[in-house]
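For reference, the structures are reproduced in the following blocks.
Two complexes come next, and they have one chain in common, chain A, joined by chain B in the first and chain C in the second.
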Partner chain A sequence: MNTATASRYTAEYQTLAPTLPGQTLPWLKQLRCRALEKFSAHGFPSPREEEWRYTNVSAIEKKLFSPSLSLTTPPVDKVWLKGCQLEDAWSVVLVNGRFSAELSVLDGLPEAVSLMSMADALTASPAIAPLVEKYLGQAVNYSEHGFIAFNTAWFTDGLLLHVPAGQVLAKPVQLLHVVTQAETMATTRTIIIVGEMAEAKVIETFAGVDNSYLTAAVTEVFIDQNADLTLYKMQSESEKAYHFGGTYVKQGKDARFTHHNFALGGLLARSDILTDMDQASECELNGLYLGVKRQHIDSHTRINHLKPHAISREIYKGVLDDRARGVFQGRVIVAEDAQKTDSQMNNRNLLLSDNAEADTKPQLEIYADDVKCGHGVTVGQLDESSVFYLQSRCIDEETARNMLTFAFANEMVDKIRIKSLHDKVLEQVLLRFPQEGIEKSWL
Partner chain B sequence: MSASAQQIKNRISQEYKQGFVTELEANTFPPGLDEAVIHKLSTIKNEPEFMLEYRLKAFRHWQTMKSPEWAFVKFDPIDYQAISYYSAPKRKEDGPKSLDEIDPQVLDAYKKLGIPLDEQERLAGVAVDAVFDSVSVATTFKGKLKEAGVIFCPISEALRDHPELVKQYLGSVVPPADNYFAALNSAVFTDGSFVYIPKGVRCPMELSTYFRINAAKTGQFERTLIIADEGSHVSYLEGCTAPMRDENQLHAAVVELIALKDATIKYSTVQNWYPGDKEGKGGIYNFVTKRADCRGENSKVSWTQVETGSAITWKYPSCILTGDNSTGEFYSVALTNNYQQADTGTKMIHIGKNTRSTIISKGISAGRAQNTYRGLVKVLKSAAYARNYTQCDSLLIGDRCGAHTFPYVEVKQPSAQVEHEATTSKISEDQLFFCRQRGLSAEDAVSMIVNGFCKAVFKELPMEFAVEAQALLGLSLEGSVG
Partner chain C sequence: MLSIKNLHVSIADKPILKGINLQINAGEIHAIMGPNGSGKSTLAHVLSGKSGYTVTEGSVTYNTKNLLAMEAEIRAREGVFLAFQYPVEIPGVSNIYLLKAALNSIRKYQGQPEVDAMDFLTLVKEKVRLLDMDEKFLYRAVNEGFSGGEKKRNEILQMAILEPKLCIMDETDSGLDIDALKVVAQGVNSLRSPERSFIMVTHYQRLLDYIKPDFVHVLANGQIVKSGGADLALELEEKGYGWLEEQAAA
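The block that comes next holds the complex of A and B.
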């Protein structure tokens, strides 16, 4: 723990607080104060904490990031932005942690659906503000760890998506977080509420121009009874950036939650995906992390089976090259009441270089007896007989290895159900492979 | 609940068979721990000077340490000043020369436990070192072993007769400052076994140590050191029991194994300390540090453990695979019933090339017990072509118990292959029905299924132990069906 860092942020907070949204709301002001206290006492998480054992964030502590104060959108390279934005989706854009109305595309959004910036939501009509009060901090408490406290105290903006009961969204919603300024911190808070029997697909994209900056984003998700949410997270931050992104989910009875986590960018990136499952709910967590150079990518998941008959499936794959380090920590907790739980977790890692490292920690914590739970982990190389098979068909060894590595990763990409997103992710994944090795015509 | 299940319920009143107390005069230190106690301990044991320094250094370091809290077990803080650190049955002269001189009550106690100390008896193929509270009371077959060149004696005797060997190896695998309980043990350890197998010798019989806690309000701090020199082979067994008491007693042991080039050590444990009563009162706190160093090329260490006793078990027999082509194995059955808690597993540290390790862990949790597997597989950059296979299965019996799996896998070598698999399930109604339909009682059916579940581990145990372990398993599970 580095309290010196914490106190620097605390000192700055006093002067910057008036620019943060929701200053007129006493409940929020109080919440931010308590979170700030917590943060100044404990700072960012230290590797001494079990959940942060393999991820040392002292590099973040050494820097002092500041929030963007300007409420007008800074100039953004339109071509580059277009590369991140999906065409067939409603998209909301946050630049440097502040909402940009001019870049967002919301035409044709059904009236019943609320999709707006967090700042607007806090000052909006009497129907919306109480919704924020009701849900903010309900899926995750600021005391969980330093980054949540930091985010709660500091969030400059964020998004609110409310899909009312029975509504099925015709198009996916993209929440696009971009950072264009160096040494900026983009602290955003997002709330997604999917009402009873509603259905939605949401894509969270994180991108930035080639700078060092910090993203600390927290998303709280509430999926009501029998509702269905598919959430994609595409993390392609700049290679000098620090990223923390947490997704905290509350699933109602029979609710379905599918999460796809693509972690490709960032120098030091950590993602938390935590879900609390009610009776007979289903959850599927898919993840792919590709690390090169000196990247450190940490994926942290926790599936909390609280009630009976819930099903969870999880698969995370990692490919680590150069000096990259991949961390996977997955935890499944089955409460005493959660009989008939069915849970499977898998983590597979490919190490491609002598200096790459994989640390994995799958955990089962089970308090009920009538359950079916399992997990599996592998760390290793490509199957030599597969390589040999391809070589025996006149494919040179390097190409064969590339093909197999690509196929290993592509399994996760192929799970994407939105064509435009699939193509964008695939494009990013392909950048990691030498062009001559993988020919597009195979795909 | 079916009628047969009820019958089984009624049978749980069956007591922990080894729970008797032997009444005898003992030489016991008053409770409390300070440097004076350590001086006294060292004097009583007639130890060489370096040992006293070793103990004091460990003690001073221990005072700066904090009791670890990371394990998945709950217990009240231990008052280390309320424990007596030495207790030995009174001797007539300065130690028995032959079996006839041992206190007949102590002999009786061992007979009752099924460990006959006279050499003509049933366990004729096994040499036994019997440790009673803080001292070793007898070691059998010393002569026969001496012929083969094997040194098998209490560690306090080794300190007097072979100080150079002890000095060279003691603390070289588990340094005194390793962890809280290892530091405490290094400061106050009283007895345990010392084994040295010379070059190229295959130990002619199984070696065994039987630990017995008898005196109240004492702690047992055993220290075992096994050295297998180049090309040698040894199989060592360890058993333990204690009387039934309402207070918790501390057992903090350190076991160090050193396997040099081409040597093999097989270490088997059947741990049956008093587990406490049905309400979770009493029982032994079993906080043990066991570690093996496969120093030489092609060396091999195999740990097999059957953990059925103790109120709390905190134990991670580990292998440091330093030598190229060395092998580490860990086979474990951990059974917890009533309010028992176990946090056990292993660490496999791959350092040498082509090192291999296998981990098979079977956890069975019944009643209100909590059973945790915690393991680490670490492959360092130097360990090219290292291979690990881990399988942890948990079986739950009853809806108020817990089974947890916390494996850690850290790989820094791309040519390494590490696999980990874990499952958790209960005995299914189908399996039970199938057995009952073929005329087995519910209890026999469960016992059969559980034994099948543990078979992969039991087959690693030496014969005598395997039989004992199976019987023990049946006994410990009684009352958990239904």
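The block that comes next holds the complex of A and C.
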């Protein structure tokens, strides 16, 4: 805990508060105040907290990032942005933590679907503002940890997506978070609501300029009864950036949630993926973290089986090279009431260098007696029998090793069901490892 | 084609092969039989270049070249193919990618240009039909989730496409039901030619009902204790390996 940092942010808050959206709403103003008090007292999470044991954020505390005050979109490199934007999706863009209408592409969005900036949602229509009031802070409380408190107090904008009951979205929705200025903090709050029997595919993309900045994004997700959400997170921040991204999910009865977490960028990056599962709901958490140089990438997941008959499947894979460090902490909690739970968790790590490190901590906490739960963890090098198999098929050893490393990661990339996203992730994955001998055009 | 002279091989200082002599000419099929632990698989692995084995004595000449001095991939490009007893699963690499990478490695080694994409597809699909496989197999990850029979069939598919000169088949019949065995045998038989030789390592005589060998050798305790024609396999089926091991020990 570094309260000196906290008090610096708190001091600045007074001047910046008027620029934050929703300040005229008493409930939100109060919420922000309470969150700020919490943050002032405790600061960012400390390694003394069990869930932050392996990730020390003191590097973030040493800096003071500033929110972007300008409500107009700053100049953005169009070619670069195009590289991040998915062509076959509705795309909403946040630049330095603020919505940009001119960069967003929303043509043809069904009228019943609401997709707008958090600032607009808080002030716009009488139908939407109550939704925000109803849901904000319901999937995660600001007291969870310092980043949530920080985000709750400081969010400058964010997005709201509401897919009403029965609506099946014809195209994916991309929530694109970009940072264009050094030393900026992009603090955004997003709410995704998928109504009963509705279906949606959403992609959260994070990218930024080649510089130091802080992303602190919190997404709250509500999947109603028998609804279906596939959420992709493509974290390809700059290699000098700091990233905290939390996804907090509430699944209704029979609701299906599939998450794909591609953690590729950032000097220090942490993801939280937490879901509360109601009866007979299903969740699938897939993750891939790739660390090179001195990257530190932490993936933290928690699956709460609260009711009977829910199914969860989790597989996280990490490839770590150079001096990179990967952290996986996965908790599955099966409540006393959650009989017939079926849960599998897996974490596999591939270390490519003697100086790379993987810290993995799967945890099963089972309070029910009739459940099927399992977990497995591996940390190791490439399988030598696979290397020999490829050599016996005419492929030289170096190419064989490159192929197998790529294949280890590609298994997760192959799960992406959106072609344009698949190709972008594949390109990023290939960039991070030796490609000698890999024929990209054949993939 | 292949000349093995007085081959001694150890694993971690433990002698496994103790003086193997074997001459294989072009077009011949040799079956290597023997009880478990006799060194059959070691012989197959040493010939294909797997690491972890130390050759302490002897030589292996393959088409006038010193086979033991070559890396595993060079042996493969020179036409030595090992069909694995337990083919490895490689999630994340598709079958078709591996086939293309392997075939082009050979072509590059021989100074030929990369195979034309259309010609390649035509070739692969023809072989897939030959082995009674579903084309979907090509786009699945190498051996991932394949049944035992599917894995062995996949080995033969690779063999059919790479057209090796010397095929070493390590316990190809193990884990196969009779229908899968017939398909695999049919695939192998279709590859028989006056230029291509086979070494079939097998514990059972069953495979030899479908692929008729020219020679049968019995390996026991690291040495070839008896050689003969196809009839020897039948004799072994009847009498087992015990009498030969006793003879060798005497």
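What we mean here is this: the second predicted complex is superposed on the first by the 440 of 443 C-alpha atoms of A that agree within 3 Å, B and C clash if a C-alpha of one lies under 4 Å from a C-alpha of the other, contacts with A are read in each partner's own complex, and residues count from 1 in each chain.
One rule holds in what follows: a residue touches a chain if its C-beta (ideal position, glycine included) is under 8 Å from a C-beta of that chain, and two chains touch if they have at least 3 such contacts.
As the structure is a computational prediction, the values presented were derived from the model and not from experiment.
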Contact breadth on chain A, by residue count: chain C or chain B: B
First (chain B), second (chain C), both or neither touched by A:D88: neither
Touching partner for A:D77 - first (chain B), second (chain C), both, neither: neither
Which superposed partner A:I366 touches (first chain B, second chain C, both, neither): first
Which superposed partner A:F406 touches (first chain B, second chain C, both, neither): second
Partner chain in contact with A:E49 - chain B first, chain C second, else both or neither: neither
Which superposed partner A:E336 touches (first chain B, second chain C, both, neither): first
Chain B versus chain C as contact partner of A:E427, first or second or both or neither: neither
First, second, both or neither for A:S353, with chain B first and chain C second: first
Interface residues, chain C side, partner chain A - complex: 48-51, 71-73, 76-77, 81-82, 84, 87-88, 90-93, 96-98, 100-103, 105-106, 109, 141, 158, 162
Touching residues on chain B, where the partner in the complex is chain A: 70, 379, 381, 394, 396-426
Residue ranges of chain A in contact with chain B within the complex: 50, 54, 336, 339, 349, 351-381
Residues of chain A touching chain C in the complex: 383-386, 388-397, 399-400, 403-404, 406-411, 414, 439, 442-443
